[in-house]
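Okay, so subunit A shows up in both of these, paired with subunit B first and subunit C after.
Let's turn to the complex of A and B:
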């Protein structure tokens, strides 16, 4: 820091003193940052959310760890600096004097600006790579995604082959349903998925905006009416997970959850074909509207009956379940 | 306007209104808040009747059996009646009749000596500032009570005290009250009061717009609260469509109140911009402008440019609900994305409307209590302007998962992260200012330090949110909630509190109790952090916002947060007791310039005289020349007659040197 304003006789001594304690500060900062980085990487990283159940979750976990390691030196630096100056430069009782009038220091300012710009550039490059490489990182990518997960698009899904599993996620007030177009468009209230399979979610809504959030899968995509929002992931481990609604959608938003399971490919195939067969026998498949990427609730006959008709406009007023439903959790 | 030729001031008559002077009517025969209320009530019923008359047949919602047209027109006429009752339109009518506007004692707040002037359409900016101060404290406490209700419900993972509908009502009222009202929490009280004083002006540019801006805030406050009567609104403060179209009549109150507050913000912004550009005293160069004035200047631009988008969105939302347009209904050719875009195009500048005044207040405080010039004045200005400009280019980071423009996400990631550069300038300025300072740990300074502490955490967590993959986990969760409470409550509200302790001695000539003040600070700082730091963890563990139920394993953390939130509320209560008691009973006199501050407002008598300055001052030096040997006083308050401006002002060292 500049000491240009200090009278000449004290100058050299003060400058030496200054530079010595500046170096001490920098050394302490470097040591603490290194320690924090190591702790974050080796101790904290494996436990960071959202875990490592799927490819997208892994990338998010990695991202959060890297960001934490990048942020630690900044936070530590500022806190260390403030802790230092608050002790060293505090006014002693009875001290009425003023501080040293320093109006600025070009070197310090330039260093700061270059430093923060470098950090921002690093964050931008890192974030972009981490967005593109894992095919959108599990986030909703709109109707025509440009970063796609590799996988064969097939009419039916078979285990072992590199087939992309298509799952449609339908949000409505206040429940999630899932349709599997490769299994005759069968519908389920449980989100069962095969492991080690590229999965495409087509997220849409029948009424208001919802957001499909499978926390452990690392997938989050908004569900807008008449919009097909695509998100990708690939499960790496089997196990149960929970789906929650992440966008305020009315009074039972907090209770809009649903269960899911990642299972082995053969178990999944068995489950899906069994559900398909049952729904075919029950007549559910025939009653469901034909599989499409989006649905207009005003023209779905099965749903339209319960719609409230406001002056000729059958918008999306919700209440498919009536105000008392779903029952209090 | 012949401001300087006013006759003598009215005799002080104590608290009572009293028939001071000859020919002055008693307060209840003159227009003021009480006639305003009469006008508002009359207006509401007139509008409601008109709405039923016009739209009774087609606009009755089958869900709620309420006629939204009647409610919206009721609000509109109530506001007009309120303003007419206050006497806002009096001068306008006089002008329309070709009559001259009476010589304006109202400019100076002279007309009323007692409390009555605070309940009237007074045009003195200092009166408006005090009106804002009390208004904002009221709004803040109301919003805070709703927060207490939220935390009470979240004590248990299932619903136990308030039902889901009431919970959403409380969440919406808390969020909206805070976000729309707190946009003026610094600009209102301190900007209006001290802005003109700091630039050496006797008045603001548009006193009527300024006063109108204030008097719209109680209307917006009451209308927003009236949503409670209709069962609230289910959308939170964002008002997303098409949920808003589906909602019952409380939603009308949301749109109307937010739009109304938007108009208030635009008016306040206009007035501030023109005042700062045109009413600076001679010698008050841009390079001598206090940082607080710079922050007001930037914020005003944000308000004038961004808020009209909100007003438009609110208007479209209202027409969707009443005249059954379909701007936001996808099935009918509208777009639910449109509302999100419009809202966040306002909404992101809005969060800097909330943050920047804090930067300004804090910059004033640290310089005074470090007894040092502000380090890198130009850097600080660049930081504020940079944040202001960039804030218009980041709005889609709220929509990373929505599926709009997915290929634009890297760009919005970049712009969002770029904001951390000018924000970093603010930290650089602080760190430089503390170097070799003589730091006084007065209460305003403590709040300033807490501001940097909180804002650093808030800012760093913002970087996590700007990164799309990390945001996929954090978006819409309690992480976001913690993030913006750290920047707004930890930033703005701490700065506001610092401002209260710093400037109250000048505004009222009294100072707040020191001991209670320190207790207030420490409890607020500690319990603020124990409340909001765990919320980052809750969000990371998968708890979405605005839910009344959550996973059972999160109960311990939530209980911790709730209890600590109640203690935080208790800390605000300490502030309230201190504020009320110090203003009424204790009334500890403050010295004229207790902090030995240099900036112009402290050079005036306490409280400042009605006309601010007897003569237009000539500014001689920058406001931050602490510790500069032989520094000139900041201004010559009684320059020789006939001397104008910079011809007289000598070149000085300091900022220009």
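Let's turn to the complex of A and C:
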């Protein structure tokens, strides 16, 4: 029996019944959404990755929590209505009649368009703000970053001041090294950082593409040869962390890790100064190339001219790694 | 064809594909495990690991690949492997014969000796006639850019050990590299001998080691071929219980 064949009093009764159920459905959806939001915010949020070790990690944790709270009503609405239609609109045994014809519903269509538009706009605005406010959100912004972390650019770094610490991250198959231009350009295999200090990472590579991923710091930036990829963060807690490569780069890609530590500013200063002094005494600082934002490993100007001119050792212009990189000996 | 027959064909075909994949995987794993592991035993609380790196090798498939060899401590034979074991918590004295010519480090930072006792290595170079070129030199840095004096490196990153391995004197070794592999001091090539020591970790396990010079000649960025293959410029040091 179609709806047209239902007597008017019955149709009115059915409409009131549907309206009541709709309001119950909306009330249940609101209650569940509120409960889910509270659980996400107070129970899940504090434990969400990547934690809150740095400003960028803290923002990422906040972003995930907000997006989860934004998504919860949507998924709850879908499942709630799915359950509702399974129960209410199921075919009863022996009922072989057609379903109710649908001729469109302006209210439903308007709600759908306005609702989805609002969600997309909200995600756009929130995502944009959360990219700008934390100065790139810990991601590599390329050589000319648009959003910069506040901090004084200084030739040396002093604890307690608002000095930006510059750290160059150098990837090569299959190891990370870290160069500190404010400490004489000393280099280290461990990434030590001071707490409560704005940090600029200059990420580059000496060979193939790697990806600098300090998960707990909430920092991730591709390391491309001859490219200075800049990322920012500020550590908020002391403690150890691990750096991994996040770009498949050869046989030891999975082992291309290194250790890092966030420490007090005073301890960091002592460590960096000690490494600088040791590398100066050992002649390492003098052996390193002058600090630059990128390095071309095919050019070794320091190589003695006498050796440059010896066939079989280097090419004539002082470039060792030619296009063959290097060619078969 | 009946449904049953079609299902049977499908199952057989699927099993064939699975069989081929398993065979290839086992073949690959089996090939890798054919590398012998040289076991170094402690004597008087220390072990003596002896390696050499050559500009070529005695294989029939890839004779132009640079490679490490490991010396069997009992027979003194050179084995074409980069797998060796040492006892835990023991002083490990390493001798590396460098027969390959110099290659500048991509990052000269790796010229710094790290992780060895005293943070030093001792180096002595010899000419092709096996005559020493000066006295042994103990140093914490081999500047490959100033003298082109590093052939390869020996690095165990998990232990913080990074050692530049000296090459023969650059001027002296041009066109004078050993040509018969594995090389010996009397095989007619200039070479260098480098020694250093470190303490093996107390935690047993496999520790990878590698070269940090892109010495895979002819491959993209020099990091293919021997650089990506166990038994050549990469290997494992197994630390075993004493």
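General remarks:
One rule holds for everything that comes next: the second predicted complex is superposed on the first by the 284 of 329 C-alpha atoms of A that agree within 3 Å, B and C clash if a C-alpha of one lies under 4 Å from a C-alpha of the other, contacts with A are read in each partner's own complex, and residues count from 1 in each chain.
We adopt the following convention: contacts are C-beta pairs under 8 Å (C-beta built on N, C-alpha and C of every residue); 3 or more make two chains touch, one makes a residue touch a chain.
The structure presented is a predicted model; accordingly, all values stated were derived computationally and were not measured.
Once the two complexes are overlaid on the shared chain, A:120 sits against subunit B while remaining clear of subunit C.
Contact with subunit B, but none with subunit C, is seen for A:74 once the two complexes are overlaid on the shared chain.
More residues of subunit A lie in touch with B than with the remaining chain of the pair subunit B and subunit C. Once chain A of one complex is fitted onto chain A of the other, the partner contacts of A:172 are limited to subunit C, with no touch recorded for subunit B. Once the two complexes are overlaid on the shared chain, A:250 sits against subunit B and subunit C alike. Looking at the shared chain after the overlay, A:206 reaches subunit C, while subunit B stays out of its contact range. When the shared chain is aligned, subunit C comes close enough to touch A:282, but subunit B does not. When the shared chain is aligned, subunit B comes close enough to touch A:220, but subunit C does not. Judged by the touch definition given at the top, the superposed model places A:187 against subunit C, while subunit B stays out of reach. Across the two superposed structures, the residue set of subunit A contacted by subunit B and also by subunit C is 207-208, 250-252, 255, 297, 310-311, 313, 328-329.
Of all residues in subunit B, only 58-59, 61-63, 158-159, 164-165, 167-168, 234-236, 238, 240-243, 245-246, 324, 329-332, 336-337, 370-373, 375-379, 399-407, 409-410, 413-414, 417-418, 420-421, 424-425, 427-428, 431-432, 434-441, 449, 452-453, 456-457, 460, 463-464, 466-473, 475-477, 540-542, 544-551, 625-628, 654-655, 657 touch subunit A in the complex they form. Residues of subunit A that touch subunit B in their complex: 1, 48-50, 56, 59-60, 63-64, 67, 71, 74-75, 78-79, 81-82, 85-86, 89-91, 95, 97-105, 108-109, 112-113, 116-117, 119-120, 123-124, 126-128, 130-131, 134, 136-143, 145-146, 203, 207-209, 211, 213, 215, 218-222, 224-227, 229-230, 242, 244-255, 296-298, 308-311, 313, 315-319, 328-329.
Across the complex, subunit C meets subunit A through its residues 55, 64, 101-104, 106-109, 111-112, 114, 119, 140-141, 143, 145-148, 155, 157-158, 160, 162, 170-171, 174-175, 208, 210, 212, 214, 217-223, 227-229, 234. Within the complex formed with subunit C, the residues of subunit A that make contact are 170, 172-175, 177, 187, 189, 206-208, 250-252, 255, 258, 279, 282-284, 287-289, 295, 297, 300, 302-304, 306-307, 310-314, 320-321, 324-329.
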